[in-house]
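Think of it as A, B, C, D, E, F, G, H, I and J in the order they're written, each chain with its own count starting at 1.
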Amino acid sequence: MSGRKDEELQGVTLLGNQGTQYLFEYSPDILESFENKHSNRDYFVKFNCPEFTSLCPKTGQPDFAAIYISYIPDRLMVESKSLKLYLFSFRNHGDFHEDCMNIIMNDLIKLMDPRYIEVWGKFTPRGGISIDPYTNYGKPGTKYEAMAEHRLMNHDLYPEKVDNR
Amino acid sequence: MSGRKDEELQGVTLLGNQGTQYLFEYSPDILESFENKHSNRDYFVKFNCPEFTSLCPKTGQPDFAAIYISYIPDRLMVESKSLKLYLFSFRNHGDFHEDCMNIIMNDLIKLMDPRYIEVWGKFTPRGGISIDPYTNYGKPGTKYEAMAEHRLMNHDLYPEKVDNR
Amino acid sequence: MSGRKDEELQGVTLLGNQGTQYLFEYSPDILESFENKHSNRDYFVKFNCPEFTSLCPKTGQPDFAAIYISYIPDRLMVESKSLKLYLFSFRNHGDFHEDCMNIIMNDLIKLMDPRYIEVWGKFTPRGGISIDPYTNYGKPGTKYEAMAEHRLMNHDLYPEKVDNR
Amino acid sequence: MSGRKDEELQGVTLLGNQGTQYLFEYSPDILESFENKHSNRDYFVKFNCPEFTSLCPKTGQPDFAAIYISYIPDRLMVESKSLKLYLFSFRNHGDFHEDCMNIIMNDLIKLMDPRYIEVWGKFTPRGGISIDPYTNYGKPGTKYEAMAEHRLMNHDLYPEKVDNR
Amino acid sequence: MSGRKDEELQGVTLLGNQGTQYLFEYSPDILESFENKHSNRDYFVKFNCPEFTSLCPKTGQPDFAAIYISYIPDRLMVESKSLKLYLFSFRNHGDFHEDCMNIIMNDLIKLMDPRYIEVWGKFTPRGGISIDPYTNYGKPGTKYEAMAEHRLMNHDLYPEKVDNR
Amino acid sequence: MSGRKDEELQGVTLLGNQGTQYLFEYSPDILESFENKHSNRDYFVKFNCPEFTSLCPKTGQPDFAAIYISYIPDRLMVESKSLKLYLFSFRNHGDFHEDCMNIIMNDLIKLMDPRYIEVWGKFTPRGGISIDPYTNYGKPGTKYEAMAEHRLMNHDLYPEKVDNR
Amino acid sequence: MSGRKDEELQGVTLLGNQGTQYLFEYSPDILESFENKHSNRDYFVKFNCPEFTSLCPKTGQPDFAAIYISYIPDRLMVESKSLKLYLFSFRNHGDFHEDCMNIIMNDLIKLMDPRYIEVWGKFTPRGGISIDPYTNYGKPGTKYEAMAEHRLMNHDLYPEKVDNR
Amino acid sequence: MSGRKDEELQGVTLLGNQGTQYLFEYSPDILESFENKHSNRDYFVKFNCPEFTSLCPKTGQPDFAAIYISYIPDRLMVESKSLKLYLFSFRNHGDFHEDCMNIIMNDLIKLMDPRYIEVWGKFTPRGGISIDPYTNYGKPGTKYEAMAEHRLMNHDLYPEKVDNR
Amino acid sequence: MSGRKDEELQGVTLLGNQGTQYLFEYSPDILESFENKHSNRDYFVKFNCPEFTSLCPKTGQPDFAAIYISYIPDRLMVESKSLKLYLFSFRNHGDFHEDCMNIIMNDLIKLMDPRYIEVWGKFTPRGGISIDPYTNYGKPGTKYEAMAEHRLMNHDLYPEKVDNR
Amino acid sequence: MSGRKDEELQGVTLLGNQGTQYLFEYSPDILESFENKHSNRDYFVKFNCPEFTSLCPKTGQPDFAAIYISYIPDRLMVESKSLKLYLFSFRNHGDFHEDCMNIIMNDLIKLMDPRYIEVWGKFTPRGGISIDPYTNYGKPGTKYEAMAEHRLMNHDLYPEKVDNR
């Protein structure tokens, strides 16, 4: 019935697992990967993560964001349930919006060594202003490094309408 | 009354056919093609397929997606009713989202040998995260190969707003 | 400069206060009220609270919701910053969606003794289904009790479109 | 940490359970209920279920719908994971749209004996026309019977815009 | 596999039928009905028909509309494919918008003898103005007659925004 | 080909007429009516008129509005092209928004003697504020008079979101 | 050219006036009225005012809101430019949201003595929560008093979606 | 009053003409052109044509589409009323979606010999899938030929959301 | 209080001026300019003008459009109130849509001698088709000429959805 | 708990501070910066500021805008609460829209010396026209200067729909 054989799912320990533990302090080790079966080809995988929450590092007040993660895999791919648990682990962790986005990208680079990756966070406002950090990366010394520069240069030419409602 | 003569519709056996059989296991052989009458020109055909469903390869749980398929035909074109039946054939088939999109593209390349093709799946969330794979292809050794690289480099600079509702 | 004199703001200790403490376990005592200056008149106050999060009581997984609270004040009104802190206090608390909404309404009734109140939660989906509890209350033995019944009978005749994206 | 004690979750066997079985033939027995802790009060619970699929009883072609279920519980409530599995069980079952909605409501009445319930299905088009059945029920001989009649009389005075795209 | 037995589908000759004839002159006889299996209960069925076209009776110019048909069945229900063919039969027929809507309702009343029915057409503009007729009916001498009056009195209190684009 | 016979279109002189004259000063005489073929029944006809423009009576500055006109015909109906020309005739006419809506309704009452009618204008802002007058009428001494009162009492409980952009 | 004669515009001193003074402290005296020419009839006038700003009475921080004002005039109507200047006069004034809405309604009642009036403010969030007060009034001892109660009872059954973005 | 003199409108015979004939079989000869007064400059003209309908060449079933036509004129421009009549002429004509779009573009090239042109059709679904063909053209041997290639390479990187409703 | 000194506002005679004259015949002389204080830098100014109306040159029927004007100033900038009066002056002027857009751009080039400018009109439909002309210009012999060509080549790759409602 | 250590927050004096002073005259000195911890990488930070208000330099009338600020930090970043206070300081300051946007960008360049920055203001209409200035900057003599030119050249090819409502 399934296109993935059991041995192709070996690194995947969390998906469908009962009794999942939810960690609410920053836990990069929870991330799991599995093999890319189409590494002969460049293609994108995007994760839409509208349920991200962390704390303000100075006041401790909760922050909320939608995070969009897109990458071109090389040999490895991030398993989505482990990504969910990893993002949950920011729940009681304090950091600036800009730092969170860079940390998430760094951890995913370390896990997967992707050809290309980008992370975009869109936070809810505090005091009438909201902050949206965007960071990206292409494997140094490859064409993906130029791709990262190209995508940054063309980033968000059309800011979405925000009216705080 | 019709711009297509009967002999130009010869390969088309499913369209308007009574008693269609619906297969719910992966069936690439069901795909049918017909002749491109405008092969002197590059043009795009897009299929919007918001009724795609398959199963999770590990848990067996149903997944749902909208799939967008765009291609520039060469000599052959895929007939839309056979494409419908082909996509239905994933109904009780288990595979990762990323694998499904690559398999669909591979099958359509094999059927039509198109100049260019791309497949984008937008799935509903599990555990608060949704996954959107995008893969594309240009005929190797032609300008369409560069086209594929160009479109991948500029892919999805504006992720749609997702809030899981 | 201000339409409210200092003595009219006496019960309000959290608004504009430095060093706010954020409690992440259910803390109904944090709620504060102030005097209604227009109790000669029935009028509505609505709070839009799209940043609510709690935990599943069985699995411990985080849940997310937008909560809409509407009430007709009698003698007292709930102060909005204390309401914010109260809602934050569900952050690491586990309960079913339906229970959370009833608890919030019970606590606000206890705090303010309002003429009328209603609480509507709209949660994000788990496994493709989302849950939206709605509960309301009118002071027993008054016309507001009939009002509650009337509003329940006419509740949500037009469910919003939900597609999990 | 949790507002529901273990003994209050006794009837709930599927939530958080590993190795869930997915049945794709109509299986009303899979539905589970748990106790309503707020039966002193009338309140609504709504399920948004945009991932419903069944088969045409005559042609066998897959159908797709978003289903909206709203009810006022009496002593029992339907557990949401069991509802998900129940709706999945229509996957390879054939029936007319109108019949499916009435069957779902009948099964939930049998399970919970609710004070009031309504079920609204919004299907995708076939041949340019889409069908949206709506059915409701109030416990006979109670005020909820009049409520059902009232809500039917005021049902859908504002049909949503549909353009098949 | 199917909830409808063959004998319950006897009146249905067009659904899934090969070689359907498309008539483009007004043909009320094409309408087919089938038995309502839930006549013990009042419930609504709505058809969304955004692909309606007819001709102006004076100039012959094509008109376009979305038509929304809602009814409470009594003993019979209209089969959707026959409804599609019936609506197609206005394609080369000329009549005023207001007349078309009343004719469609009259024909469906004659076919099904429903408890209640309403028909709402929303046309595209000519010369900057668009016309939306709405007509309804309840079986005379029953409570559905009062229902029709009630729904007319509350019809369209919120006209949708129209800007001709 | 047409459902309206020529003699049923006798009062209609402007529809399809070449060489239409456009008057830009208030011209109520231009309105034309035709016979209602369904006067046995109450039904609504709505005109969406988003291209209305007049002048400010004090400054002479142009004003712009979308006007929504709904009525239940008695014996006569207003012909839509003559309505278009009538609305054009306000183009160089100066009057307050509130006066324009009442004048339009008065003229249509005089023309058609309808059972019920309402006129809603939604103007563009001047100085950051926009004005939306709504007026209605039911034939005195009939149930339509009560209908007018009922609809006024329930008018616009949900003001549309306006942000001047 | 104008439907209003000069003598009918006598009370109107600000409209079209050069050298308008903008007051940024609460100035109810700036409001001007003019005569209602259609007082034989009940009708609504709505003002959409999305550019309202005031200050927090405790912290001095600016607040922003869209205000919707609807009324049925009796003998007098509020002139829109004077209303604009009046609303501007809250710019450097501090008051709670709920108080502002009641004050605005009180001032307009004093100016116009309307049959019915309602004021709805929709503010931007502070700390993730936004507040929307709604107040209304019907002339005591008239049917408009019952109208006010009716509209309050049916107020905002469909809270708009708010996500703070 | 007019910026176009009569002699500049000589080729325009249909605009404002009484007694227009509507042809419902493919009639390319009906197209009319007029002179481009700004041929010193490259500029775009777009036609939005959401009321296109034709027939399926195999089953005869009606198809519906919105067509978007954009071009840079050279010496001639297509007159819009003749374009309307031309598009009407597909009403009872049968052809595949992809063929229709190419035929329309070919006919407009023949009529106007434009510097650049593109035609995009967006059809309603059949069997859950909709088809959107896009074709373009730049005058061979000019920079517009490269423009066509550039626009094709960048075509539709952001497919609109389609959900068949 | 103001960042602009009086002498920097010398050319501005209409802004805030009482007794403005509204001309409704094409009047390019009404346009006024003022000095660009940031000419050391390239930057864009866009005017959104959704209240444009003119007449059809052949039939005299009113046309309506939203016009979007964007430019990079050189030494001079167009004052917005004079632009408003200029656009008003097309009110009773007859011209084709395509001609109007080119004339407006020509007049603004003559007034300001900008580095770059573009004008986009989006008209309401007549007979089911709407027309959107777009024209642009870069100062000849400068890099802005190439910019104009670049923007034209990439113009409107994503036509907005138009359905005439 | 926090990813930022206290010494990394040293320049941040306003965030979480009680007794904030709100200045309503232009005060660039209020801006504060903190250190960029990811200066090894180019990334974007965007501020959505929909609550901007200033005064017209000639008439003194309040203006309202949403401002979007995006930048690539070099060594320093602007702290968001100080940015809020800075934007508040335009509240009683008079300047043209185009001047305000350039001044804001100049002040942020002076504060942070960023690699790249852009500021886009979208104002509400006066007299039916709204103005949206956009200005940007790349550090002279670096690749970011070319980036600024590239982004200006591709700026706003898709003006958002504006209808003043």
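Assume a residue touches a chain if its C-beta (ideal position, glycine included) is under 8 Å from a C-beta of that chain, and two chains touch if they have at least 3 such contacts.
Protein identities per chain, from UniProt: A, B, C, D, E, F, G, H, I, J = NADPH-dependent 7-cyano-7-deazaguanine reductase.
Bear in mind the structure is a predicted one, so any value in this text is a computation, not a measurement.
Contacts with chain A and chain D are shared by B, C. The chain pair with the larger count of C-beta pairs in contact, out of B-D and H-I, is H-I. Note on B-C: its contact pairs, compared by residue number with those of B-D, H-I or A-G, agree for more than half at A-G.
One finds 27 Å separating the Cα centroids of chain C and chain G. Distance from the chain B centre to the chain G centre is 55 Å, each centre being the mean of its Cα atoms. Chain centres here are Cα averages; for chain D and chain F they lie 44 Å apart. Residues of chain F in contact with two or more other chains: 16, 48, 50-51, 55, 59-62, 64, 92, 124-128, 130, 154-156, 158, 160, 162-165. On chain G, the positions that touch chain F within their shared complex are 1-4, 9, 12, 15-16, 36-38, 41-51, 66, 68, 70, 72, 77, 80-81, 83-84, 87, 120, 147, 150-151, 154-156, 158, 160. Across the complex, chain G is touched by residues 61-62, 64, 122, 124-128, 130, 160, 162-165 of chain A. Of all the residues in chain A, the ones that touch chain C in their complex are 20-22, 24, 48, 50-51, 53, 55, 59-62, 64, 88, 91-92, 124, 165. The residues of chain C lying in touch with chain D in their complex are 25-26, 55-60, 92-96, 98-103, 125-137, 149, 152-159, 161-164.
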